[in-house]
């Protein structure tokens, strides 16, 4: 995620960080080059004057704009829903830790001093869950982040499990159930804490859903086809009207349309590591700090700071 | 569901998979042919010059675009709600299995080794529920997928039941109730687990709703009528302005409008087996794997992989 | 609800079922007639040439289109929310029946054989609730549908009650409370089942809200006034531009605008018995079948089938 | 709330009730007068010909229309959310009354005959809550409606309380707690009923939020400024094109734009007593009737009927 | 938040409070100056006539308007969600206080007279939570507001905690747990009250999410670039058409586009102290008054009143 303030004045046009300019530059240049050729030939293609005017473009431009708007909203909704799911994980984790520390039938909260306290293990696994989910979504290896938070047996089982997040919730659930049977948790409290686990499972399934189900391919195809055709034909429609300004306006129009399309492409899958994706590492660190603090840990890791105006 | 990356450059125009081009080709060709005839006759129909200009088309084009946008959003919302419901089923199933394994008053979780453990039966029926729902939505026979997960009596009763999903939830609920009366589940835990069953019933009813209640027929009618009339009359409005380019632009405009309408038609009923429909088999397999793993099964089926870039 | 497939080709223009054509035909004909008169008089009204062009119409057309789009979305949201509420009722009813059959402290589920089993009465009243709600929304008499499901005392009290749905929930609640006091339901289970009753009350109140609170009258007025003025003045704006095609295009434009407005008018109040309204009878029958099946009834009524492509 | 059917034909233009025409008439007349002056002077202002055309207006008209659309949606969402909150109150009140009548450890439901039954007091205070909320939102005195439902001590304390709704929920909560301590309510039932109180508190806070937080002032300012400037300058853009029809079209355009803006202004704050505001009195009466009926009262007040096509 | 009524007539153009005019004035003036230069030079730049017409601007203007509309909706949704979260906090706080006062196994509610009553401490910490959240979102020091509500030990620990809100919920949770273990709260009531704490944690996490995750930077960049380019090039497109009116219309267009963009910029981050931001202090004061009243405090602080038409 880019954490830059909006630049003003002339600097507005020279920011590249977090812009999509790099990815759409080839397409814009192609269209502009064609527009230049069309301008120089005054719209004559193979000795045949292409008799277009701007009118049909306003018909298509309308449908295209509304479609771009729709696609953008759909992509942004995915982005924002993904962020909400992680925000959900933040407060579910915190609340679960609070419940662990306050609702057991024990006199004092768990402290890092006692390594065998099941409550400390519950909280540590909750931290591990956030890391595991992040790595699962980014298709990376969670071992290094997760292992220090688990016992060695668990770390091995975690590495072997098909779905680390599922394994961790199962382990947490088993300990909650055991505590209930041991009389340390009232059944109603156990059910109450189990609700939090279900909520975390819902977060994981929601992220999985966004990750594995893109906006239907047919939309992407239709949109890019229409936008590309539009920008390729546009010079013929403008050249008789604005002459040598044709390449300039075609560049502008194609920047707007391709830019909007590209923003959608990038935002649509928000769990990646592109500049405009969600800062999952930062959020995981927040959860880690909050839960270690709830456990009474005194030396806490530092929150992540942006590197080169970017949170990863 | 198509899992293709967006093609770039010239290849963008040659992808057929997941495109709606096949279904709209006849309509586009008809309009283009008419446009060609109009161009050749210079807008004269039966010796009578049709005096249209592009202006009224921009008035109608606007309303049509906004209407297409509305219809598209409505169709996509159905698609995405359907996907959410199945995502819901994924995590409800997982959480129910976790509850089964952790919240009974028994010392160890169920294993596949003991075929009479009620908990194994509960988990297997939960898997069966997902398969049954998929077949119910696709109007296919669930027998082959469901029978191996049930006892022979249950499999017979399932086959006889009017609504398989309803039957399965009833059986699961009955066992939860019996376990409660036998003192194996605290009443509060039984109520808590029953909540999950209600949530699964809500998923089934939600999918049924989407399946049985299309977007009102009047919308489809009004939209297709307006779009068709628009594209049929358009050549008369363009021919005096752009001459021989008329068929090209009519083809383009009709591709855009019919394409948008056709995407809506396809996405609207997302449970089918068209290329852009939801990959229900893949999701069912995910549930199957997760729940068998929760049961301690060691040999798990493989996740479904895309066949020819398509998940079924 | 119309359950017709979208017609293709020329048949698209000859479907009347579920179309709004009948209701808007007078308005379209009026506008077309005026357009014809304007065309014949070349825009001269009482010896005075009305000097309009199409430009101001595109300004108003834009605002009108966006407004029509807004109104349509609002109307469709009402339609879809209404359908969701009824979908909710479907699964709440099913889940309540499941709870009744599984969570009482009794060994076997209720069967139709024992007419005095309170559980059978609970399930039958739940069916009656759906019928009562349908009749309440359609302002028709629920007696014939509801009486067979109730004891004769209840049927009499139901007929006397101001709000049948309210009466039924009260009766169900009273029996749940009595069962709790008799020790047949654990308090936590009673509260859990009472939640279902509250959810059914929420469905009833939601439907009532949609029924009694139309989209504010001022919207309807503003929209119809603007659309009507637009179509009445349009011929003057087109006649100098497209001559004898004026009546054709005015007919087309007024079909689009009045059609969109009329769809909204129809969909807005979705509980009626117009072709595009919700098939409440069909849904009630579904609930009836499901709940009788849960009660162990062997002879079930048949699901409703479309009559002349229409579900009522 | 206006409960008029949409007028047809010529009558459409002569309905004033619930229209915003009165409030926007001055602005429309001003613009039309200016348009008339511009038409008569042929666009010459102080001997200087203002050279405008319609083109820039279509650029601004677009942005203005989309902005009007956005503002309208935001205002309508507030209206509809407000209605939902009150619909919520309807069913929460009913469900709370049902719980009161069925879930106490007493053999028979409360009747009006026993004035000291705490359950009757609970139900009466729930009715009072609805009245109190209505008066709070309309900044009127609740005394006359609320006092007959409370004991004299309570009525006095209510009058002294800063927030009547808050006071009433506190009193209801206190009695639920006391019943729990007295063993008349199981703790799980008490928590369950307390949930309803929290839901009523949520309704009150939701209404307060809508009441106290208008759509940001900057929107109103920007919208009205742009719309006014647009309509004031428009005559100069139209006069060379449509001559003497300029005042007519300016009147039409300004009716559309000012009308849309005014509808938003009126709907935005839906708790008032303007014609298009919510019929809170009618809803309160509904709650009163339903709850008195639940209490077994035989003589019920009549539902409110529209006075001059208007529900207050 | 500005609490001004909409000004009418000529005054509409002279309100500065809550307008964004100051922040966009430089951009508007720059564009207008360029337009003036272009007008004076009749579109000739360095002896080269720039041959633009208005047509391409309507193509881009469309996409730009739709994009502005999208961005505005996204920004307003953030604003309104933020307001909803604080509305949530209002009723959660009130309901928690009600539960504290009614659901403990004690005969009388807590009063300010007994400083050692744990219930008074619970309520005071709930007030402190609101203040702490406000200061956290505004990056200011909460000490002065929070300390008087806490014991001196707590105030010190609060000041040392990384996240004050998190600390306070932990302290409240610990006391609820202790009360449960001491038999003063039934476990089901403790779980019920813990739910409220989780809801408050959700409010805090939701606000944090809005605060730390802006609308993706790429949107801001693309929008401001397109709008700026549009307004800079526009004079060339208008000058041949409307001559000396060019600067006037460019000023108008740039006011509309930059104004809409600037409103989005301001509303997007609603927790600040700009005129159009949320009145968090006012809301905190409301919570403070309500909860002190619930505690039986007789002398309550006064609600905040607008200063110079502005609530802070």
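Which chain is which? They are A, B, C, D and E, in the order written, and residues in each are numbered from 1.
Please note the rule applied: a contact is a pair of C-beta atoms (placed from the backbone, for glycine too) under 8 Å apart; a residue touches a chain by one contact, two chains touch by 3 or more.
Since the structure is predicted, the reported quantities are computational estimates derived from the model, not experimental observations.
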{"item": "Separation of chain D from chain C in steps, with touching chains one step apart", "value": "1"}
{"item": "Cα-centroid distance, chain A relative to chain E, in whole angstrom", "value": "23"}
{"item": "Length of the line joining the C-alpha centres of chain C and chain E, rounded to whole Å", "value": "38"}
{"item": "Multi-partner residues of chain C (at least 2 other chains)", "value": "58, 62, 64, 66, 69, 188, 191"}
{"item": "Pairwise touch network: line, ring, star, complete, or other", "value": "ring"}
{"item": "Ordered ring members, chain D first, chain E second", "value": "D, E, A, B, C"}
{"item": "Complex contact set, residues of chain D against chain C", "value": "1-4, 6, 12-13, 15, 17-20, 54, 57-58, 61-62, 64-66, 68-69, 72-73, 76, 79-80, 83-84, 86-88, 90-92, 94-95, 98-99, 101-105, 107, 109, 186, 188-189, 191-192, 196, 238, 241-245, 248-249, 252-253, 255-257, 259-260, 263, 266-267, 275-276, 278, 289-290, 293-294, 300"}
{"item": "Footprint of chain A on chain E - complex, ascending", "value": "50-53, 55-56, 58-60, 62-64, 66-67, 69-70, 74, 161-163, 166, 169-170, 173-174, 176-178, 180-181, 187-188, 190-191, 194-195, 197-198, 201-202, 204-206, 208-209, 213-214, 216-222, 224-226, 228-229, 233, 236, 265"}
